């Protein structure tokens, strides 16, 4: 049986990739993808822990479902915002949207 | 309430009416001439009445028990000077009583006289105000029971004399004279005040009776060495000297007499008041009052003299002679009298110096009376001359006669027919002054002094000062007689030398009716009264042993002598009657008069003729007469010695150097220093405070600028930072966990 | 750890997931990175299957790949201009890389140490077996009032709100030509 | 059975299971590929017949070989790749499209025994796999670097995604009835074909699956008259063939699904006993459904893209939701049929007539009869309501039009009523 920590390591790797993407990519959409990656990494962890630690209760899976919901919502709003920004400023580069500063 | 009949209270009231009158006149009545004269006369007569009442009481003639040895006195608390309480009060003792006889009399006569004299003067109300104040001050001085109240009266009189001398202030010489009088008396008064203060410091009180009647104190005072001149003089001596100097200034003795002749600038009643009734006599009165103090530690009768007595004797005698000499050479009618006053006061001072204070008092009284008479009559003469001047001027409107000096005797002459009443009064006064034997008061008082002088000096052992005094006084008496007769001759004898003299005396030249006398009734009344007194006053002090008159007038000893000695604690030894001094005084008086008559009366001067004395003296030395006339250049001397240096001091030293140099310098320096300090502060301020003040905000601004970059608007930057911090915190927590785990 | 089929399959899916992730991170072309995202999602679905959560795998594929990824691709399409942008990374990528690596290192170290150490927290082998019909059990859990019905309802509300909001945000302001189906 | 053999052969159980499943799926997939060829022929023949023409008959007897000939032709055709197209994406698209469809085959229950793999979430897996199709379309659209391709891809994606919603809702009902999502489970539970219990759901599923596949009225994907050939414009040769293949297989698999869900799959008399019979039954049912599809495709006019979407979101989805709610409500109310009791009666010799009927009709079927009846009633009620609503909507639309159009010559009214480009009400809504 594949030990738990392998799953965790893979999830961590995926998470770090997600983090890197979010922090490094210039394109807002790419950032969103990064976020999706991170959420998936979390899902892996959740399911892994559910499977290894508490298979009886459905908490892990329920949590994952809710993560899906949130991810979907987040993606929807995120993209809507990006499109709105793009429409107004003709640029989706995260750096350009820097008006909210002093 | 005040018990009018109680003798103790009466003295309080004597000085009050004139003071009130002066206040009223000044404040309320200075517009109406009638009211002014009314209040002034009423006040003086009222005070005269009261003083007469006191006098009679004192003499025991009325109002119950006679004074005897005691004195009325009552005191009230006046000032609370810290530890000691200062009382002032009134004191009536035989000396005061005597003064109360002479002073009010003279003052009232002068008041009445001045009503006539000042009738048509534009500022006559003001004049009466001052006169009333003057009278009040004199009376306060007389009744005062302590030295301070006396000094207050003294000062007020000084002020009144200044204002009265300078009454016609539009005349340059008048107000200069006023200032001169005021300054010289002030010098003396300051020294006197020092004496008073020193006395007060020693005695703790200034009350006459407290000081002069406790002998231990006087002895102790005499023994303690004086503060300043320590060894040479005792405390009492020093105080005495100071007081004497005060009197010298006040009574115009030698060094400080220069103000008296100039005081003639004032209207005649003033000069009368000053030289006769009040001012000068005050000084002598004060010395008599202070006699025990001055004589402390000395017994003139036994040849023991101390500093004050010596001072008085020499100064008095010398002044008498000196003034007499100058008087001979004077041509102004009032100036002659002024110098005669100075010499007469010299007589009194000398008498006091040798211990004959009773004789001095007697002479004081008599002199007061006939000198007042002389001044008022001279006033009348001047009045007449003014009328003459007017008429002469009116008649000879054509050619302008040179305006003559109405007061110059050389422009007078032959006025005995024109103003007969004045002529008789003037004669009486003159003879009294000259000391015409037997019938005039002057003779008796002067004789008394000479007798005393003889007895103490020549008669007995040849004591130093007494002899010196006797000789000088004798010569002075001769000269007095001489210049008096000269004056009489020049003024009244011979023919009128000028047109003014021609018309003098008559209001209306056409019909010389006595009614239209130039001199109004007001003026002539007092003259006659005083003339009478001038004659009879002398009989009060006749020596009992005097051959004929003694028995008549003084059956039980010299009445005046008995009466006055009551004031002093110890009894003054009576002087035995001695023919020699009386004979000398006879000789001197008659000799002087004869001489004067010979020179001036028999061959009256023609208009413009040189004064024979001058001619005589010129033969001796041309400069002598002019020197005498110019008062031995004393004025110039003083002027040079004091006035000019004072002016120099004031305008050069003080103004330029002190004021401008130092004070301004200091101020400028301070100002400059302030600006410099201000400047440095400004620079400091700009550098430090501004530096700090601006530094902080700009620092913050810079920090703000830098800090702003932190919020770059880059979402990813925030995320990175968040992650970093999370990591760090995680690490820390983890390490802690590991640590604990 | 002998080389069981399961490990091989696990390795395969992990590789798929990670290459997908790397692809998302690094590919220059945005569309390609989106596709790489799909690949990694598929990998994750596979891992779910391995972890005996078939329903989740299916849901993952259906929702994530079917909907969210498509949505993202739509977004990529709509912002066409930026797809072939020249600079892919912003200027803080180096720091980000370091931090990510550091993070991964930390997590990996912890997981490996603790995991192998047979600690209760990270058991090596599953402690129990999942219920026979996992999907039904999950359905029960989601709607069982004792368990997760409230979060479920809230999630529903959330979705409703979010989606309508997103539509409003993204709606184009200028009204285009009147749509055909009026009324 | 293969698996046990392998295990004995010493292979790890994991591997053995893996290989076993792998082979099963392989077989199913290949069946799919083979059948497509036949399927295409059938469709072209029917189309011809409908259009009163003969159809392919030259190549091989009755044109059977025509497809193979086409395939060969396509194989030899040169694959032209547009310049700076996104090559990997371009080539991955067709593969993904085919894969997406083949994967469905993995779970098709050909017979009680023959099945790729019986996933517990079978039907969900099918839908999930459907997503691949969507991705493939997108990749094709983007990969071919062609504006029209991209636009076409957008349209198709929108279309597919939106029709997925009613399809999933429709699927819910049989899963709810069967209580399980696994294919075999569904087939076995369908004692009475669900089409009789929930015809509305069946209707919904049929339409949405047609849209999913992109056939018939909704075949906008590559409609010739529309955007050239939709997303597969740039594809030619074998890659285009892949798309074409994928599409047909998808159509067939959907019909199989329909058969499984609503027509009882392989169930039929004797299906349990003879595995092959099951397959035959399934094939017959799916051919029936496939026939209906083609029939629909050839007769119904094409629907415009916005009408398509409007029809979905304004009619299908609400209907589906209502249907699900109704079914769930009814399902809750109707007591579950006690198959045990029915079995007992059937096996109880003494049951007499009842026993006879039960045996005749199969005890389970009879047990399920009441529920099915009630459900049928529910459906009928639903249809009635929907019809009423539609009628009302239609009348309102008609009135609006009449208000605008003069009855006589159907020209816009004289008094210049504001001329709106009022097209006659859409057929659909």
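We call the chains A, B, C and D, going by the order they appear; numbering starts again at 1 in every chain.
Basically, contacts are C-beta pairs under 8 Å (C-beta built on N, C-alpha and C of every residue); 3 or more make two chains touch, one makes a residue touch a chain.
Since we're looking at a predicted model, the values are computed, not measured.
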Interface with more contacting C-beta pairs, comparing C-D to B-C: C-D
Middle chain, criterion being Cα centroid separation: A
Whole-Å gap separating chain A and chain D, where each centre is the average of the chain's CA atoms: 34
Centroid distance [mean C-alpha coordinates] between chain D and chain C, Å: 28
Centroid spacing, where centroids are CA-atom means, of chain B and chain D in whole angstrom: 152
Approximate Å spacing (C-alpha centroids) for the pair chain B, chain C: 130
Contacts with two or more other chains, residues of chain B listed in rising order: 714, 716, 720, 723
Chain A residues counted as touching two or more neighbouring chains: 19, 23-24, 94-95
Two or more partner chains touched - positions in chain C: 4, 6, 55, 59, 67, 69, 74, 90, 92, 95-96, 99, 103, 134
All touching chain pairs, where touch follows the definition stated at the start: A-B, A-C, B-C, C-D
In the complex with chain B, residue positions of chain C that touch it: 90, 92, 95-96, 99, 102-103, 106
List of chain C residues in touch with chain A within their complex: 1, 4, 6-7, 10, 14, 17-18, 21-22, 24-25, 30, 33-34, 37, 40-41, 44, 47-48, 50-53, 55-56, 59-60, 63-64, 67-69, 71-72, 74-76, 78-79, 81-82, 85, 87-90, 92-93, 95-97, 99-101, 103-104, 107-108, 111-112, 114-116, 122-131, 134, 137-138, 140-142, 147-148, 151, 155, 158-159, 162-163, 165-167, 169-170, 172
Footprint of chain D on chain C - complex, ascending: 4-6, 9, 29, 31-32, 35, 38, 54-55, 57-59, 61-62, 65-67, 69-70, 73-74, 77, 133-135, 178-183
Parts of chain A lying in touch with chain C, wherever the complex brings them together: 1-10, 12-21, 23-27, 29-30, 32-34, 36-37, 40, 43-44, 47-48, 50-59, 61-62, 64-66, 68-73, 75-77, 79-84, 86-87, 90-95
Residue ranges of chain B touching chain A (in the complex, touch as defined): 708, 711-716, 719-720, 723
